[in-house]
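Take a look at these structures.
Each of the next two complexes has chain A plus one more chain, namely chain B in the first and chain C in the second.
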Partner chain A sequence: MSLPSAYTEAPVRRFDVGDRVAVKAWYPPGHRRTPHYIRGKRGVIERVCGAFANPEELAYGLDGEPKRVLYRVRFRQRDLWPDYSGPERDALELEIYEHWLEPA
Partner chain B sequence: MSEQRPHDMGGEPGGPIDTVDHGMKFWEKQANALRNTLSRRKIVRLDELRRAAEDLGSRYYELEYFERTTEALRTVLIERGYFTEAELRSKMAEVRRRYESA
Partner chain C sequence: MKQHHDHSHDRSFDDGPPSEYEIMSRAIQELLVERGVITAEQVRMRMEQFDADFPYRGPRVIAHAWADPGFKARLLADGKRACAEFGIDLEAERLIAVENTPQVHNVIVCTLCSCYPRALLGMPPTWYKSENYRRRVVREPRAVLAEFGTLLPEHVALRVHDSNADMRYVVVPLRPAGTEGWSEEQLARIITRDSLVGVTLPKA
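Let's turn to the complex of A and B:
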């Protein structure tokens, strides 16, 4: 028996699995779901998680519509940390909303 | 570059990690149950609670976990107009009197 998946359909989207993306180097004030250390970094779409009410708006009591597509993005650890000494293949995966991503 | 909010600490030195399980105090269990019930019933949103906690700024790490989440809950309930600051203070005083006279 498996638990129901949190993943939902996102037929209308900008990116697909395997696409190279860059996280926007944006610094707007307020509740943001993209950590500072990943802003400006490049990665690859690992999966499409679905479309969800925008938490950055839900955080201020708004309804979060229109929904935003959420992706799991894979980054190389060596691209994130200047002194990273682990194996080349080590990766970090983060879930990032579409409005934070651009083609790379 | 704008503010980096207190929860956004990925990649920074974390210092020693306290791995002792401190358990939960009675009030912490009560406060947690209240917060979970209000979230489950969508009276408040988890996202709002996180935002209100981050808004604590430098106080974020001065407070313990359940103090922080409870203060965030109070902020959001007042924002949404379920009660006013004055009503909350008056109720707290009433409960304290009842407790101390018991």
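Let's turn to the complex of A and C:
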């Protein structure tokens, strides 16, 4: 079976599945697709989603080029919410653009 | 505005006073109607058109995945490609199918707005767009599921999927015991919309 289209779309990328990453604790103004609750948190790359026009620029009528690599990142719920009372394996996954991530 | 990032203007499902944005969008709509730029009828027809554009096809796809392990594997590997094989063009949407197992349960939300796999599931239910669901299911997912009548045992790990950017998600629920030998049509009938979002479990 051929690779999912996501991988052929993003041959040049900074991270791979299993890499530990941290979401930047940035608070720039404007349209962002990185929810506040995840900024500054550490997780693991779960999959590479592909390369997409940057939504932070599309929102202002720009073309969003160059495309940005989008990752699916998995976080432990207990790392997100100090008072999380569910089991340790409970997790949250969401999509983060490469420019919001750094190695951890 | 890209249609899949549309924000709902229907506030009947949220408790509490309307937000500043809701008041603003209401006011703009009223002004546009008052000045004759659009009519209330056009707004209603546009909403009806959304329903026609996005038929509810999820149960057929998931029933096929239950019946055909090869198709399920392809659906999990590349949701868009598998749907195309099944004759459903998701157009711009990328689909990630997440599989429930005896060890893992999945649930979907969009905390930023109301992203939803419309090409498969049609228009989202009102509770999915409510601030209550969006805010709480990431923080206390087990309590939210319990409110839907879904009590997850502690040994089942819960994964919340926030569809905050370009992917759309659908849950592949566990096929319940007692459905052996059922046709795909029979299976599709017990696959409810809410079970494909992950807040309930299909029952035989």
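Following the convention adopted for this analysis, the second predicted complex is superposed on the first by the 96 of 104 C-alpha atoms of A that agree within 3 Å, B and C clash if a C-alpha of one lies under 4 Å from a C-alpha of the other, contacts with A are read in each partner's own complex, and residues count from 1 in each chain.
To be clear about the criterion, a contact is a pair of C-beta atoms (placed from the backbone, for glycine too) under 8 Å apart; a residue touches a chain by one contact, two chains touch by 3 or more.
Small disclaimer: the values here were computed from a predicted structure and weren't measured.
Peer 1: Figure out whether A:Tyr37 sits in contact with chain B (first) or chain C (second), or with both, or with neither.
Peer 2: both
Peer 1: Does chain C touch more residues of chain A than chain B does, or is it the other way round?
Peer 2: The larger set of chain A residues in touch belongs to C.
Peer 1: Please work out whether A:Tyr60 is in contact with chain B alone, chain C alone, both, or neither, and reply first, second, both or neither.
Peer 2: Touch status of A:Tyr60: first partner only.
Peer 1: So, A:Tyr27: does it touch chain B (first), chain C (second), both, or neither?
Peer 2: In the superposition, A:Tyr27 touches chain B alone.
Peer 1: Check the residue A:Trp81 against both partner chains and state whether it touches chain B (first), chain C (second), both, or neither.
Peer 2: both
Peer 1: Is A:Tyr97 in contact with chain B, with chain C, with both, or with neither (first, second, both, neither)?
Peer 2: In the superposition, A:Tyr97 touches chain C alone.
Peer 1: Intersection of chain A residues contacting chain B with those contacting chain C?
Peer 2: The overlap between the chain B and chain C interfaces on chain A comprises residues 35, 37, 55, 58, 80-81.
Peer 1: Using the touch definition from the top, list the residues of chain A that touch chain C in their complex.
Peer 2: Spelled out, the residues of chain A in touch with chain C are 1, 4-6, 33-35, 37, 47, 49-50, 52, 55, 58, 70, 72, 74, 77, 80-81, 84, 86-87, 89-97.
Peer 1: Could you please specify the touching residues of chain C with respect to chain A in the complex?
Peer 2: Touch residues, chain C against chain A: 2, 74, 77-78, 80-81, 94, 96, 111-112, 138-139, 141-142, 154-155, 157-167.
Peer 1: Using the touch definition from the top, list the residues of chain B that touch chain A in their complex.
Peer 2: It is residues 1-5, 8, 10-11, 45, 47-48, 50-51, 54, 79-80 of chain B that touch chain A.
Peer 1: Considering the complex alone, what residue numbers of chain A touch chain B?
Peer 2: It comes out as residues 27-32, 35-38, 55-56, 58-61, 80-81.
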